[in-house]
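Questions regarding the structure given below will be posed in turn.
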Amino acid sequence: MATPLDLNPDRLFPADPTTRGIARTLYKEIGALPIVSPHGHTDPTWFATDAKWENATTLLLAPDHYVFRMLYSQGVALDDLAIPRRGGVPATDPRAAWRVFAGNYHLFRGTPSRMWLDHVFAEVFGFDVRLDAGTADLYYDTITDALASDAYRPRALFDRFRIDFLATTEGAHDRLDAHHAIRASGWGGRVVTTYRPDGVIDVEHEQFAGALATFAELTGEDVHSWSGYLAAHRKRRADFRAAGATATDHGHPTARTANLSTAECEALFARIVGGTWDADDAELFRAQMLTEMAKMSVEDGMVMQIHPGSFRNHNAGLFASHGRDKGADIPLRTEYVQALKPMLDVVGTERDLTIILFTLDESVYARELAPLAGHYPCLKLGPAWWFHDSPEGMRRFRELTTETAGFYNTVGFNDDTRAFLSIPARHDVARRVDCAFLARLVAEHRIEDWEAVELAHELTSGLVRRAYRL
Amino acid sequence: MATPLDLNPDRLFPADPTTRGIARTLYKEIGALPIVSPHGHTDPTWFATDAKWENATTLLLAPDHYVFRMLYSQGVALDDLAIPRRGGVPATDPRAAWRVFAGNYHLFRGTPSRMWLDHVFAEVFGFDVRLDAGTADLYYDTITDALASDAYRPRALFDRFRIDFLATTEGAHDRLDAHHAIRASGWGGRVVTTYRPDGVIDVEHEQFAGALATFAELTGEDVHSWSGYLAAHRKRRADFRAAGATATDHGHPTARTANLSTAECEALFARIVGGTWDADDAELFRAQMLTEMAKMSVEDGMVMQIHPGSFRNHNAGLFASHGRDKGADIPLRTEYVQALKPMLDVVGTERDLTIILFTLDESVYARELAPLAGHYPCLKLGPAWWFHDSPEGMRRFRELTTETAGFYNTVGFNDDTRAFLSIPARHDVARRVDCAFLARLVAEHRIEDWEAVELAHELTSGLVRRAYRL
Amino acid sequence: MATPLDLNPDRLFPADPTTRGIARTLYKEIGALPIVSPHGHTDPTWFATDAKWENATTLLLAPDHYVFRMLYSQGVALDDLAIPRRGGVPATDPRAAWRVFAGNYHLFRGTPSRMWLDHVFAEVFGFDVRLDAGTADLYYDTITDALASDAYRPRALFDRFRIDFLATTEGAHDRLDAHHAIRASGWGGRVVTTYRPDGVIDVEHEQFAGALATFAELTGEDVHSWSGYLAAHRKRRADFRAAGATATDHGHPTARTANLSTAECEALFARIVGGTWDADDAELFRAQMLTEMAKMSVEDGMVMQIHPGSFRNHNAGLFASHGRDKGADIPLRTEYVQALKPMLDVVGTERDLTIILFTLDESVYARELAPLAGHYPCLKLGPAWWFHDSPEGMRRFRELTTETAGFYNTVGFNDDTRAFLSIPARHDVARRVDCAFLARLVAEHRIEDWEAVELAHELTSGLVRRAYRL
């Protein structure tokens, strides 16, 4: 027998009645505000073509590494989840994959994925029974049928979700065709790109050479000389700004930065493009490029985002069989204080520069990031990220950073997602957790109730818009 | 005047009435379930001989390093606690030691030792006044008298505690006489061994040579050749399985693993047994042996437990005077992501292998262990361990791991104790803390009440039995 | 319109009514006890001369790096806050600076600075409206007027604050003139010094040579020989003890200690004073000197305080323009277990020695510091320090240390402040947070109510007085 699915209006609020009452009041203020999503990884082609999605599995299961990593960890084969092998086709039909997912849905108890998915099921598709083995087909058919209707096309959902701003992320070697098509279409949705140059910076990535060739082609610069390479970045940053971008994004293994002389840069770059680099060179080049990007941000006003600390594709067997982005990225201990100093020696006192720092290593929140952001004018704290974008993770972020960095050195919420349908769910969780945190401060007489209202608006909207210069 | 000792039925439940009510309901479901103890260090001789224990001090004080480390830290001499010096006899009579302990019992306020001891005093010995200087003799006499009765023999207490399964731990060079005697006795208690080969793997341990000699004798293998040494492990693992073992246990200084070629292994092993090793060799050999043990677990199905990160015998003066295991083991920062990769490159995608990871470094829960266990099919998270086997420690474990690894990649509770009488107390604390955590999730509408009931059973029994293959 | 300022009597107590009730009862017991401040950085000249302070800005804003770092982080120029440049004068008049501060006071929401300042404003100056742009001049004038009255001279406030004991900190090369003047004045306030020899130990400090010259002059020892240098320390420690000091204080970049032979010490020292040292020598010399200081503490009974882990003056641009101590000190990851072993090998089992350990790296509380302090007789845990001297920081300190180290291996609260007026506010926050923590233990039946009363007194007074030998 199916069990009811019912999103409780008090979910994520503390049980204590006084605190819950305050949280409710705060949430009433900001729960329905439009969504500002300044950092994410949705596919701009969706909004360019407004094509219908195909079925429940290809939309909700196969692309979501949060979901299939958990199933894989419990012994489910990716083949049984319709996850394609390298260059191959899914080994299972999508309905069979959905049934496997549904039959294992209890594994997500206590995880944010469960909360996001239930929100999508209830709010986007109108389910009032829970997903389980018994309702697998009902879910699959209902979702797949809905996706065939116009109301579930990307642009319709964008409007229904009340998204005010949505940033995607493209590589420095991306032609931005989808973004140009969005603009040319006359559609009013604000979907803009973000400049992510990792592909032409990380020489250890297997596609570096190809990316660099495209980078040369798109800019007409001699990207094999240091000065030409920098000029190419400047051109592409301008292209991205012309397509609406206000920010850059940098996903490096570490937070290391460098401050080399021009001669040293030229010598290093010659080894990088000459193919004579070693791992230390690759790391040093990424480090120097963060400083170069910061200097360009001083010039052109783009907000810089640094996301270090992930060991990519940790599972060698899975990487061989299924390739990248299969839920096998694992956080590493990450140091910021020594690592960022070379860059900060160059740009640290710039008051018109904004660098947003993220981490997968919560031990640095109170020790390193809050003290840095609570001092340097150019530094701000990005929200709890990836594995920590969860009720407990967001609570720890506030508890560990607020006392040293305050609220005003933070930048609101990022959903950081490829899962378009989960965007409202993710913002809703963040808003509820922020209201719960503020409610505790009010209940303990650490701030006044009217201050909490102001702060709730800031965390939901004001800080985001100002930090990302929207 | 003595103060009352009264175990409150709501202890460890949150004060908020709604949450406490839910916790009570959950605890009613599982509080009285039989104990499954898959990892611990009780002495199997107790159950083989069923001999009576001698007195309160030799049973409860002198062997418990949790207890005497705290007294020592406050300036009490170990001599005054009847802790023997190297090769010597206790400097104090047991009653005098007990009085010192009783007079300092306030030092344990806020510690799990206090909670476990009070549970033992109230539930096992029936005390209704607290231990202090004034009740020291009452306690000593009552306990010592009780121990002289048949009702307090090991097997009687085993039954009274409703222990369904109890694992002990023996070295690879142990003859398993006690376990054979238990089986031969016809007693029905399920007490089984665990294969802990550290003594024949850690060449830096002062008793390595002797252990290796016994290992050779017991297996008839040429343990000075790499292939013979591995064959000896296989034989002994089979001996342990024949004695009921389902698991192995590995307590290394770090989590490092290695994946050397056979030729490299042979060369390294030649240095180890040839006495020409250095500290790097010793570490590399331990690292390689974790991978070898994992490969043997793939063959024979034994569950592998890895417990890294303790600096043993940190206090040089105390080690000189009193020897090992005197409460001077201190946790170290421990890295897992890089460390485990060589082993995982070999066995990571095995779906029938189970490796349970423990840590003394809580900073890795959310950053490293939960992401690893939330991805790799073979990895599971052991419970909060040693210093962290405490109400706050267990709460942090759940808060820091659940959102990424879920509940189903954990393995229930381990009491990990030498203190047999405290086993029910320790399981009771764990059950209460789990119920409190689940109650908060229910109160905040993050899971349903019926899901919490299922999970409470899983954490107490289902996950333990499945993970340890009982 | 001005908003009311009203210090709620229940501030910082948990919202749950049961727990709050217990916290209130505990706070009634200890909230009004005299202040014991064994570690801080107020200026003894204030108490020697009893001169009036000048105005609100020079007393409350310009010297407080907690305050101006936050304003600076949000783009306010230090020039606009009346913070002097190197050798220069403030670029702004104090009233203008105060207005900038007032207009940005919302930035401090959720920080301890806000809580301390509001306490000072309400309790010391009697304000009943909040500081903001509209009340900036009212605040400036009221405070500045008050400071012109005798009731606001340092000694009068010392009495009004009910300070029972106040330690300041002076360098090994300080003449202690202010302390001698306090004693000579016949004033009854207990203000004593603390021996902080960093200036003559840290050869990397730019003023080392000058400090060493004064050190020689004050002691008459040949401070360029190892034995003379040690003798000079002994003399100055005696001078400090004669001036009332009971403690030493050591602020090193790391917790590293060393245990060199005399010959090695002599060779190292020759490089230090001969100017042929490198960074490794500087670090090794600091390490060795911690062990030397510990040995002298065994001789003379002075309590030793070790505060490692701050990267000083991280902002190169600001250091160039404004010099040291401008809010740019950033915590570093800090290791204790390996670092302290050489020193502990020498003094670890001394039962009459007290070494108090502090950290800016909270990840070591549960992993390293609590296990060390819960074992070694000579080690105690200092309170949550600097960035962590805050409600959440102090709560984490108790939650992370109590279960392993207990309460009795801690030493009560340190305000550690230069901001004299904030001392009552800081102690009040600490007392409230401790009462809240104890109340939770009582509400969850982990300790008895009468034990919590005893512990509240210990944390506020008993442990402080005993640890610092007052």
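Chains: A, B and C, in written order; residue numbering restarts at 1 for each.
In this section, contacts are C-beta pairs under 8 Å (C-beta built on N, C-alpha and C of every residue); 3 or more make two chains touch, one makes a residue touch a chain.
By chain, with names taken from UniProt: A, B, C = Uronate isomerase.
Worth saying up front: this structure is predicted, and the values here are computed from it rather than measured.
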Make each chain a node and each touching pair an edge, then name the shape: line, ring, star, complete, other. complete
How big is the rotation, 0 to 180°, that puts the C-alpha atoms of chain A on those of chain B, in steps of 5? 120
Report, in whole Å, the distance between the mean C-alpha point of chain B and the mean C-alpha point of chain C. 40
So which bits of chain C are touching at least two other chains? 14, 16, 363
Please give the residue numbers of chain A that touch chain B in the complex, ascending. 3, 8, 10-16, 69-70, 72-75, 77, 106-112, 115, 311, 314-318, 327-333, 360-363, 387-388, 390-393
Within the complex, which stretch of chain C touches chain B? 14, 16, 18-19, 335, 337-338, 341, 344-345, 348-349, 351, 363, 366-368, 370-377, 379, 399-400, 402-409, 440-441, 443-448, 450-451, 454-455
